[in-house]
Amino acid sequence: MAGTGKAHLRNSPDVLLSVNDLVVEFPVARTGLKVNAVSGISFDVIKGETLGIVGESGCGKSTTGRAIMQLPAPTSGSIDFNGQELTTLSKDEMRDARTKIQMIFQDPISSLNPRRKVRDIVLEPLLVWKRGTQEERDILVNRILEDVGIDPQRAAESYPHQFSGGQCQRISIARSLVLDPQMIICDEPVSALDVSVQAQVINLLENLKAKYGLTLIFIAHDLAVVKSISDRVLVMYLGKMCELASSDDLYARPSHPYTNILVDSIPEPDPEVIYAPTAVMGEPPSPINPPAGCRFNPRCPNVQDRCRVEEPEMREIAPAHFVACHNPLTY
Amino acid sequence: MKFWMQRVAMAILLLLSVSALTFGAMNVLGDPLFNILGPLAGDVNNPKSAALIEEVKAKYDLDKPLPVRYVKWLGDFATGDMGVQFSTDGQPPVSGLIKERIPRTITLLIMAQLLAVMISIPWAAITAARAGKRSDKISTMNSFFLLAMPNFALAILLKYIFSLKLGWFPLTYKAIDPYFERLRQIFLAAVTIALPAAAVYQRLLRTDLITTLQQDFILMARAKGLSRSRVIFRHAIRPSMFSFITVVGLNTGGLIGGSIVVETVFRIPGIGSSLVESVLREDFPVVLAIVILIALAFVIINVLVDILYSIIDPRVRR
Amino acid sequence: MNDSDPRTTTPLLEVSDLKTYFRTERGTVKAVDGVSFSLQRGQSLGIVGESGSGKTVLSRSIMGLLGRTNLIREGSIKFNGQELMGLSVKEMRSIWGQEMSMIFQDPMTSLNPVMKIGRQIAEPLMLHLGMNKSEARLTAEKLLTDVRIPEPQRRLNQYPHELSGGMRQRVMIAIALACGPTLLFADEPTTALDVTVQAEILHLINEQRVDRNMSLILVTHNIGVVAGNTDVIAVMYGGKIVEKAPTKTLFSSYKMPYTEALMRSIPKLRQASHTRLATIPGRPPDMVNPPLGCNFAPRCAYARPKCLVEEPGLTVTENPEHVYACFYPVGSPEYHERKLELSQRSDLLSTGGQN
Amino acid sequence: MSEETIIVSDSPDAEINAAIQKKIGWGFWLAISWVILITLLAILAPYLHLKDPRGYFIDIDGNGRPPYGPSFEHWFGTDKDARDIFARTLHGARISLIVGFSAISFGFLVGGTLGIIAGYFRGWLDKIISFTFIVLLSFPSLVLAIMLTALLNRSLFTISMILGILSIAPVGRLARASTLQFSDREFVLAARQIGASDSRIILRELLPNVVIPMSALALLGMAVAIVAEGGLAFLGLSVSQGITWGSLIQIGSDSATTLENAPWIAFFPILLLFLTVLSLNFAGDRLRSHLDVKESSL
Amino acid sequence: GSDSEGTEAPTTEAPTSEAPTTEAPGTPVAGGTLRYGVEAETDGLNPTSSAFAVSAYVMGNAVFDTLTALAADGSAVPNLAASLTPSEDLKDWTLVLRPGIKFHDGTDLNSAAVKANFDAAYAAPLVGLAVRPFYPTENAVEIVDDLTLIYHLLDANLQFPHALRSQLGMVASPTWLAAALEDPTLNQAPVGTGPFKYESRTQDSVTRFVRNEDWWGGEVWLDAIEIIPVVDPATRLELLQNGELDAMHTTETESLAALRADESIFNIIDDNGEESFLMINSANAPFDDIRVRKAITLATPRLEYNTLFGNGEARLADQRFTPESPYYDETIKQEADDPEAALALVAEYCADGLLTADGSPTCTDGKVNMEWQYTGPSVVGQRITDLFNASWAAAGFNVTNDELAQDDHIQQAALGQYNVIGWRQFGAYQPSNDNVWLLCRTVGGISLNWPRYCDESRDTLLLAAQVAPTIEEEVSIQKQISQNLHDAYTYIFLQHTVWANSFTSAVNGTCDVKTPEGVALACAINGTTAFTSTWMS
């Protein structure tokens, strides 16, 4: 499992973003080795859809998100956004294209400049692009700040550190909204937040998505969170894809052994649910030297000889349910 | 492996740049002819003097273009020939001067570093353990005072109190005195260098110790029931030593700078005072040799710090 | 408490009215503000609460592991009948490691990075049990086997950075278990780990607890983690225990509106996607200037004027193990009344709030 | 669940902030006051009714041979030439402070710019600039200063420049390090993804973050430059004709008899130099931790 | 020190006389190391090539002997030489050496060795400058036999014996001289015939000499002499007082009072030697004009200078001689301290609107542009500069200061690239010995006549003085010379330099120094002392 392939790509005119064979490698300083952060993944997102991406730490989720923004540009692969190939754009064209895709980061504090007033942070994109008159800009910024639940008055006179983590995350969201993007990539936007605040932000994203007609990519390592917000979920493992399905389907019937383990491992806040996770061997290997064949094979309970040599491709195991595994769990 | 080669290449490039810069600068500055011939160098209208000038120029390659001289100098230097002291009668080799003076400066610096380290480690351990308490605050004030006292001023104060008023330490350094007597003669100078350095090290180590002491593994060690001193000395000191070592290492360069002033105040004929003298006399081979040696020491110390690092921090071992 | 020894009459740990304050530049931080509970031998207690609610301070305060400067610590902590409050650090040292030990949140930072694993495990063995080097080494090797670390002998000579996160957490557990403590604190032992690894570590801790008949205090902000691993759960909010009940009881019949809000704000796997989550508005109280009455009142949908001025004490339910601190608990008439109002209002404001 | 509740919970933050803001402490203000006082005295020295700093107040009949100790007439006493040390010390502050100030300004301008450029653009530019810094740093600063003074003339301008050059590398390295650190922060990524240009990012996002904490360094750096100037003057290598603290100290300590019999000649300038450096260090240190607190309180 | 008295007749045989006992009597004992603090380190110790300053003389006195020596009565008497006899016309002097003397390296002292020394000095680029003007280019020294040689002079000179008691009279081993030509570093390790042998030398720290057991002049008492340069005079004094030095010399007036006051210290103090003065370069505009020279003279704060730098110890100088000297002319007073008069002269001069050699105006805003050069960095140099600047500026001069390293300073003075500088000179006990600084023939590319002032009539006087048959005649000529010097306004005399040679009570016999014939010699000359009779208790 944990493989490549494109069987799951849709051929719909509504596809807003289509990622093909995305590969991102980082050189390891001083050694000449490289980190295979993302090794050939493909997916697409339809307008208005929310795609969730889950996986363990270091499996390349953030790298994927950033590669779409060309921050940094991927090693290879194509990224087609609204008919525009992002990987071949010039610097200026890319600047332009970036306004249509925005990103929200995990750390609400580090994503805001500590030395600028909150309102200026939200206003900044409009100034960069010289959009509207000053009056129009003021109106827009105030409206968006109110939409995310921040008092514009206070925003005008306060710095980020005067807000709580949840509020900072909302400010980030506001900033990403002012340029009226078509798509927002959320890289673990709630992982650093407390449970009670986490729900606030998730609900806010759901609301804004409806209100502004957004398409979302939602990255998180917490399956329950991803499931709660996504239409479809992509499971990643060590830079490869494992499984892609609609969220309810995925949790109801995980077909990839890794997805299954992941689902199993989550301690449910319910004492009635007997918590007996499937034992999994060891921990994820290093992406510097990933295993041959299926990348999950060293830890897979269902491993076969074939998995050690041949890399599985994504295939449709049930309608709209794709899995990259030679030996999937029965559906 | 590749990394080490890079480092060595870098060090060599560094030394080349430093030497080329100094060589260029000192040649613009100094007039070796004048150093050697004195007033005769300016007596160009006298054919006898002019002939002498030509002779000296030829002898010391002063008629060659600068880059040629640099390359020659470099080749000589690499083989241990540092050229001659232009401004000293008879143009004796620079290496003689260096050999004679460098042990004093090295002794002074080692003594100063040892003092500084010996003072700073316990000082830091004590203050870090009492961080925030009165005694810690007083010690912080003390180190502020020490750091605000320029080394020449400190040297003067120490000299005033301990040499002139109390008479505990001699006023001169005498090269032919017995070894331990000479150690006593440079002690005040070493203290002058050591005190502010100790304050720097202490502040640094204290901060790092406090950071370390707040870390979970210290709590873990305490939760094992280890005694306080064991926690500090067995668990906390070593992981707190990284910036300490770096700074102690890198600071050696700074101490050499300090030794210039201190050697001058206490009239110790070492490398530092020699540097000042030769700059004033515009005797560039001496300046050049000293500057290069200092840069060399800097590079070597850097490497040593790296090695030390890998000894105390297993994480950087490869 | 199922595992508790019936012959034990006194509880292993009895904390009453424990207060732990920090003096800071901003004022006094009331990190733990009057906490009382008791724990039987072999029992496991889960402490949940949001970040900053005082869980870590509580467990460290009980162990006496907080720094002495600017600390105010009051109340009583009885361990095995012995009063710990007021013991000197020296006296505490014989308890640490031997009687009580602790596992910390971040396995990356909780092991000394420059000391070999073997020495770190052997240290308490030699100190408390008076073992010599080779005995300690053998015991350490056995401990590593117990926590299921493969090739224990080789690991002893490794440094922490040579191990993976999960491994390190196992080493930590081995150190904590080394001298056979009767009470183990685990402060967010799995937060820094991947889910797949988290499951195993939790399993390991529980297994060791049962094997060694230890008591366990498991501190976490993840209700899921305590649900399957503890006998009793205490919910903390603003430095206080606001509800405490046997695990099953808590999930089935919580009384505190805060517990309710917490439960409902967590996305659950079994819920369909896009299920709307309940939210708690605002943010946790400032521990320097806590609200006058009930700490939760400013955020509580069911709060009434009384809640804002008067502090509720702990109320015991019909189940003596189940206590809560609320004037208008879940199920009370006032609760129902307000709930009705709210649902009517949310109909009106169906455009959706921001929270 | 309504907006009201959010806004209610805002108020404590403001208080917390106010509390932190106040906490820079009276020590800082005391130190700053001293710096301002000494600066004012230095600026106003020619207009205050001080004794002529170059005047000889020889009074053999009344007081015998100079040096004269501190008295009502000469607050700090006189030197061997019967020149008034009080007036000279205040006049000496002029050059010391001007050199300190211009050196660190130059260092900030050049070093700061280079450091930010290196840290932001990285790559070969960074390699070259960092290497330059290392080269500069491998001369002990006093050695470099002595070499340069020997090379150039010793006017106020060149001395300031020389000390400015010395501060390029330390300032630059710090600027580079904090630029590196900040350009990894996500708000810089965020700025790039809204399409901000490099110059805008440097000016708007990085500069305030890098420079504001370094303003504390400016105070410390000024202290270092003043001490360095003193060191040069002490060796007789500072501004050739001016009175500076270093040269005053040198006059008082050059001979052991002078130092032993008339310690005030050296000690009063030392005291002023010490207090000024102490104040700058202290204020800088306080400011630094103050600026840090604001950040860590996030 | 003693008053210099003119010698009446050429000395052929060394006279015998009793030396005055100046110290506590006692029987000399062998042993002990004399630690001697000198004011500066010296560059080289080769008398034929290194320029000797006081410190070099102190060291030279240990390791070398001079051909003649200064007797206590002020005459020059044979020392290494057995006799020195002039020809009729006083132009050729025959020198006979004492037999059987060996250098420390075993080389014999003979006339070839003396000639080798002379030739080396004559050829030496710098030292030769002071030698060449007085000797023919060929065969200046002629060897007669193994121990006899003849010096041929250009001018008749009755005072020639005085020339051989200084650097020129120090005789170094010819073997060593030859070796030092090959390896100049040997210049630091001198080989002579003197009472002490060179042992070791650490520049700026200590130079050590040990007893020459086979000294030709008799028994040497001290085991060793260590010469220690201590630049700071106060530190030197301190070290002497607390016993870390046994002897020292100083010119610093502040130390003098302390030295005098200290009972346990034996001092030889005199101010008959050098004068400190300012020197004006008369070769270039504006100082080629006597009005400007006079103006700067009048503008100079001589009294204030003496107050600040004389400390009540040093006397104001009006001419080359102290009032006690027979050559002293009480009618000659150094003018100074008259700014008004200076201003008037400046105004008069500037009205002429003259230009300097490079075409720039000599005056700006009615003030004469000038440069003051001094040695630095040094505290004293800066103090003097401050003092003169203030007064000159007030008296119509635009002063630019030029601080120079010691060597640069001397070079610029020698090459005449200066306006006004401070100097210390004219220490000779026989005034004619100073002729080298005053004659027209020493003006040149490199000038020992520093002010570059040539006056034929003065030359005549100078040459006449050195053959004056009686002291009265000599005195009268010297008075005319002094008047001439005053009228030229090329020197502004400031102070008589006071030299103190001081010893702790453990040091004895310094002034018991005698020639083998028993003639008492002067024990301290311009800050230097002999070591041959010194012993320590």
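Note that the chains are named A, B, C, D and E in the order they appear, and that numbering of residues resets to 1 at the start of each chain.
In this section, contacts are C-beta pairs under 8 Å (C-beta built on N, C-alpha and C of every residue); 3 or more make two chains touch, one makes a residue touch a chain.
Just so it is clear, the model here is predicted, and its values are computed rather than measured.
Trainee: Tell me, which chains sit next to both subunit A and subunit B?
Mentor: Both-contact set = C, D.
Trainee: What pair of chains is linked by the most C-beta contacts?
Mentor: The chain pair with the largest number of C-beta contacts is A-C.
Trainee: Per the centroid of Cα atoms for each chain, what is the distance between subunit B and subunit E, given in Å?
Mentor: Taking the mean C-alpha position of each chain, the two centres sit 41 Å apart.
Trainee: At what distance in angstrom does the C-alpha mean of subunit E lie from that of subunit A?
Mentor: Here the centre of subunit E sits 92 Å away from the centre of subunit A.
Trainee: Please report how many Å separate the Cα centroid of subunit C from that of subunit D, as a whole number.
Mentor: Taking the average C-alpha coordinate of subunit C and of subunit D, the gap between them is 50 Å.
Trainee: Could you tell me which residues belong to subunit A and also touch two or more other chains?
Mentor: Residues 149, 164.
Trainee: Return the residues of subunit C touching two or more other chains; collapse runs of consecutive numbers into ranges.
Mentor: Touching at least two other chains: 279, 281, 283, 354-355.
Trainee: What positions in subunit B touch 2 or more of the other chains?
Mentor: 164, 171, 280, 282
Trainee: Which positions of subunit D touch subunit A when the two form their complex?
Mentor: Where subunit D meets subunit A, its residues are 3, 6-7, 9-10, 13-14, 17, 185-187, 189-197, 200, 204-205, 208-209, 212, 294-295, 297-298.
Trainee: In the complex, go through subunit C and note every residue touching subunit B.
Mentor: Per the touch definition, subunit C meets subunit B at residues 60, 63, 65, 69-70, 89, 92-98, 100-102, 104-106, 109-115, 123-124, 127-128, 159, 161, 172, 175-176.
Trainee: How about subunit E: which of its residues touch subunit D in the complex?
Mentor: Result: residues 232-235, 237-238, 254-255, 258, 304, 307-308, 311-312, 376-379, 382-383, 386-387, 390, 401, 403 of subunit E touch subunit D.
Trainee: For a test of understanding, state which residues of subunit C touch subunit A in their complex under the given definition.
Mentor: Contact set of subunit C toward subunit A: 50-51, 164-167, 194-200, 202-203, 221-225, 227-229, 247-248, 251, 261-263, 265-281, 283-284, 352, 354-355.
Trainee: List the residues on subunit B that touch subunit E in their complex, please.
Mentor: It is residues 34-35, 37-43, 45-46, 48-49, 52, 87-93, 96-97, 100, 164, 167, 170-176, 267, 269, 273, 280-282 of subunit B that touch subunit E.
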